[in-house]
Amino acid sequence: MLNQVSFVIVQALVSLKRNIWLTIASILTVMTALILLGGSVFFLANTSNLATSFESQIEIAVFINDNQNREQVIDLRNQIQVMAGVDTVELTAKEDAIIEFQESMGSSSLLEDLGGINPFPDKITVKATDARLVEGIANQIAEINGVDKVRYGQGILEKLIQFTDWLRWIGIAVVAAFAFASFLLITLNIKTNVNSRENEIQIMRLVGASNGLIKWPFFIEGLLLGFIGGIISIGIVGIGYNWLLQYIITTLAFLPVVADQMFMISVFALMLIGGMIMGVLASVFAVRKFLK
Amino acid sequence: MISIKNVSKIYSNGARALSNINLEISKSEFVFLVGPSGAGKSTLIKLMYREEEATRGQVFIDTINLSRLNPKQVPLLRRRTGVIFQDFKLLPTKTVFENVAFAQQVIGKSKQEIKVNTLNILELVGLSRKKDSFPSELSGGEQQRVCVARALVNKPQILLADEPTGNLDIDNAWGIMELLDKINREGTTVVMATHAMHIVEKMAKRVVKVEEGRITDHKLGEAY
Amino acid sequence: MLNQVSFVIVQALVSLKRNIWLTIASILTVMTALILLGGSVFFLANTSNLATSFESQIEIAVFINDNQNREQVIDLRNQIQVMAGVDTVELTAKEDAIIEFQESMGSSSLLEDLGGINPFPDKITVKATDARLVEGIANQIAEINGVDKVRYGQGILEKLIQFTDWLRWIGIAVVAAFAFASFLLITLNIKTNVNSRENEIQIMRLVGASNGLIKWPFFIEGLLLGFIGGIISIGIVGIGYNWLLQYIITTLAFLPVVADQMFMISVFALMLIGGMIMGVLASVFAVRKFLK
Amino acid sequence: MISIKNVSKIYSNGARALSNINLEISKSEFVFLVGPSGAGKSTLIKLMYREEEATRGQVFIDTINLSRLNPKQVPLLRRRTGVIFQDFKLLPTKTVFENVAFAQQVIGKSKQEIKVNTLNILELVGLSRKKDSFPSELSGGEQQRVCVARALVNKPQILLADEPTGNLDIDNAWGIMELLDKINREGTTVVMATHAMHIVEKMAKRVVKVEEGRITDHKLGEAY
């Protein structure tokens, strides 16, 4: 048994060495495939992150009745604060509102020009934890006593959600397309490898080799190809993504990026394990037809 | 040992290779198969190690009915059987040494044992100097002798030799025949298809003549 | 000569038929590759289009001095209208501005509340033909007599341009990655095909076949594989993209899409010709090494 | 016609196959190459159609120095030469008919001509019934006869036959020898490597004996 195990491993290594060009081509293929795959996962993560950040910019503007005094307003704010689905709440007093507006108009004497009358109401700005909850929260708030009017970009909201959903779907489609292409590339390549040795497999069977003895060297080859290709592509994707992150952080700081260490390590693990699994699976598919 | 009962073989393209063959070969016998090109000799041999299956009839090795054999057991059958293929069937990516070693690795022999056995048998067929060559680097006769070495190295219970001397000069051919005779005397059943009538005559063994898929003549050897 | 031409063509067709599984696998590969490629070109076109539409939403707000009368304001507008790089110009009179604001505040008596004093200036909204020209145009306008102040989201503009440039680069990178993957897939596949017939090629040479007689059937095979794969993938991408367009137009109407007939036909032509060229090129690479 | 001058051949793995061979073969001659397995017979033949190149010395066909031959002209040389390969070298994806037809297609014969020639030569080697079979569906001897048919069909100026009867029974072998003799009498130079001494003796032609890469014996045939 031990004889056979060591034989199978030696067998796989010798075959990788004797077919060195095929080995290099296979590693390059696995590499390309995994780079596409890893890259697209990062693309998906960032697309989804971007969509979330778009959504998080949706605000509900709550205008307060003029007849409410300061305590009542603060009370109102506290009331909204604890509602389900509410993330943050910010109060802009009417005094601040006019100053803000004054600055935005570039004037410094607006209140005086207006004869001391402040046309702005008190305003509470509410952010929801999820864009999909905005409409419900706004309707609830509108019912509260002392609230004059509630606004949250009706109409736009729906479109935005549709758009970000769409962005996410595109991201998933890209990952799926690349995963499919990766699998095709790797399988095809290993199939080549095995097919070119069909003759060899037949002869092994004729001299009494069991299926296991024939299969295992191919499986180990597939595993090794996936492993080596995986390591190299992790290096390339890792360096490339870090470089991109640096670039975005220094020059496009307003763009939200995914730079979570744990996430990156998971993607790299996925690439390595994915490569190895694909390598072995491809070998299984490729060898199977010769071993009925 | 080998028992062929009412066997016919029609290949999938419709070619009729064997028609209603009956043949009994007992343990330790040496049988020549002769007959013109395309008569069905190789087909008959292929049935005996189950490279092909009989279209009709049964082939038994001992008590095993080959057409009922579980696919998982085919390798076991082949490990008891040594085959010298008419077209050699050497592994192109393995050296001469490795080709002969492979037949022993499949039955799980130890590394040390394999090495000794392989070097011995290569010496016997006169290929010690070529042990690190690949099959594509050998002459026709050298390839044939590697195939002989591989078939003999496990001292099989049955040896099937399909035209084992077709590419060999007279001296080498007799060298191989002496090996086959020796292994036969040690108990191996030998079936050999050949066109070399001078060998058949000199060996004086049982001869089965096949023509157009039928056994047309049958001579018992001197031992009978 | 004619004998040999017809021989070569028959040769190619017979080989496609006898190796039917290899043929199907190759066509599937070419198909996958071209679908990825075609799909990514549409992705690039839409990304770029989206970026342009973002950019086109940048406006320059020109506030006019209070001391300018109506004729002078109209004159000013005309002056801006003819400046290089200006696309559209829109005048909002101060009377309209306060009504707009009043509506946005939900009040109906603002002007009265303010004692009849309108704090808004006249405003001209300018759009540039290219986002990159905005800054220059704004500076020029600021110099004009009668202009009080010019605003165009300084700071944001730069970021937006960087962002849209980045979007375009991503699009190009996706196309390039897919083009590379396509080429790899097709080459690898045809190489398999040819390699598995190495033995055959050697024998042909030994019985006196010229290099041309050996090469041409492979080239024609490559061409045919590319052609068939191209046609099928055009069908799939065409139907898929049309379906997507319908979906976006009916439910996400605010998203700008590329639905230009000429453009679509060009992409399809690119896919077909690309597939055929890749098929032939792959054959050339694959066969070359056997014919020194 | 064929002139070999001080030729040595060392293969890239260091195996010395030929040492300082000198041999002149004139037009329309029939020459047997004999000698033990691995002596260098096939290598000598491979030099003559430039599958291999001489390490030292020159090989001339007529006045053409093969080691100076432009790669583009190699196919032209091979079209004048028919080769019966020791390992057959049939195209596995072509039928028997197509294999024989291919050798004629490379020299641009018309479809009609190819059809007539091919059917004729297949009749002569006894394979008419097998014309639509693929090589893997043939017996060893049948494959060998396809190879013979392919080599003869263009009536080459030179015929190189490497062990053309190794897989054939006596009757078939003599049938092939008669074909070779006939084509030789029509003017083709024939070089045949063989182990079949009964054929060599009966044919009574010039015999060159090769051993360990050297010519060790040389007998002129009856014609001299």
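First chain written, first letter: the chains are A, B, C and D, and each begins at residue 1.
Operating definition for what follows: a contact is a pair of C-beta atoms (placed from the backbone, for glycine too) under 8 Å apart; a residue touches a chain by one contact, two chains touch by 3 or more.
It should be emphasised that the depicted structure is a prediction, and the values quoted were computed from it without experimental measurement.
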item: Any chain that touches chain D and chain C; value: none
item: Whole-Å gap separating chain B and chain C, where each centre is the average of the chain's CA atoms; value: 67
item: Separation of mean Cα positions, chain D and chain B [Å, integer]; value: 29
item: Chain A and chain B: spacing of chain centres that average the CA atoms, whole Å; value: 62
item: Touch-based graph of the chains, sorted into line, ring, star, complete or other; value: ring
item: Contacting chain pairs - touch in the sense defined above; value: A-B, A-C, B-D, C-D
item: Partner chain B, residues of chain D touching it in the complex; value: 11, 13, 15, 34-39, 41-43, 86-87, 133, 137-142, 144-145, 162-163, 166-173, 195, 197-198
item: For the chain A and chain C complex, residues of the former touching the latter; value: 25, 29, 32, 36, 39, 43, 63, 105-107, 110, 113-115, 117, 119-120, 149, 159, 162-163, 166, 170, 174, 177, 180-181, 184-185, 188-189, 191-192, 195-196, 248, 251-252, 254-255
item: Residue ranges of chain A in contact with chain B within the complex; value: 1, 3-4, 7, 15, 18-19, 197, 199-200, 202-211, 213, 292
item: Chain C contact footprint on chain D (complex, rising order); value: 49, 51, 71-72, 74-79, 81, 83, 85, 89-93, 102-103, 105-111, 150
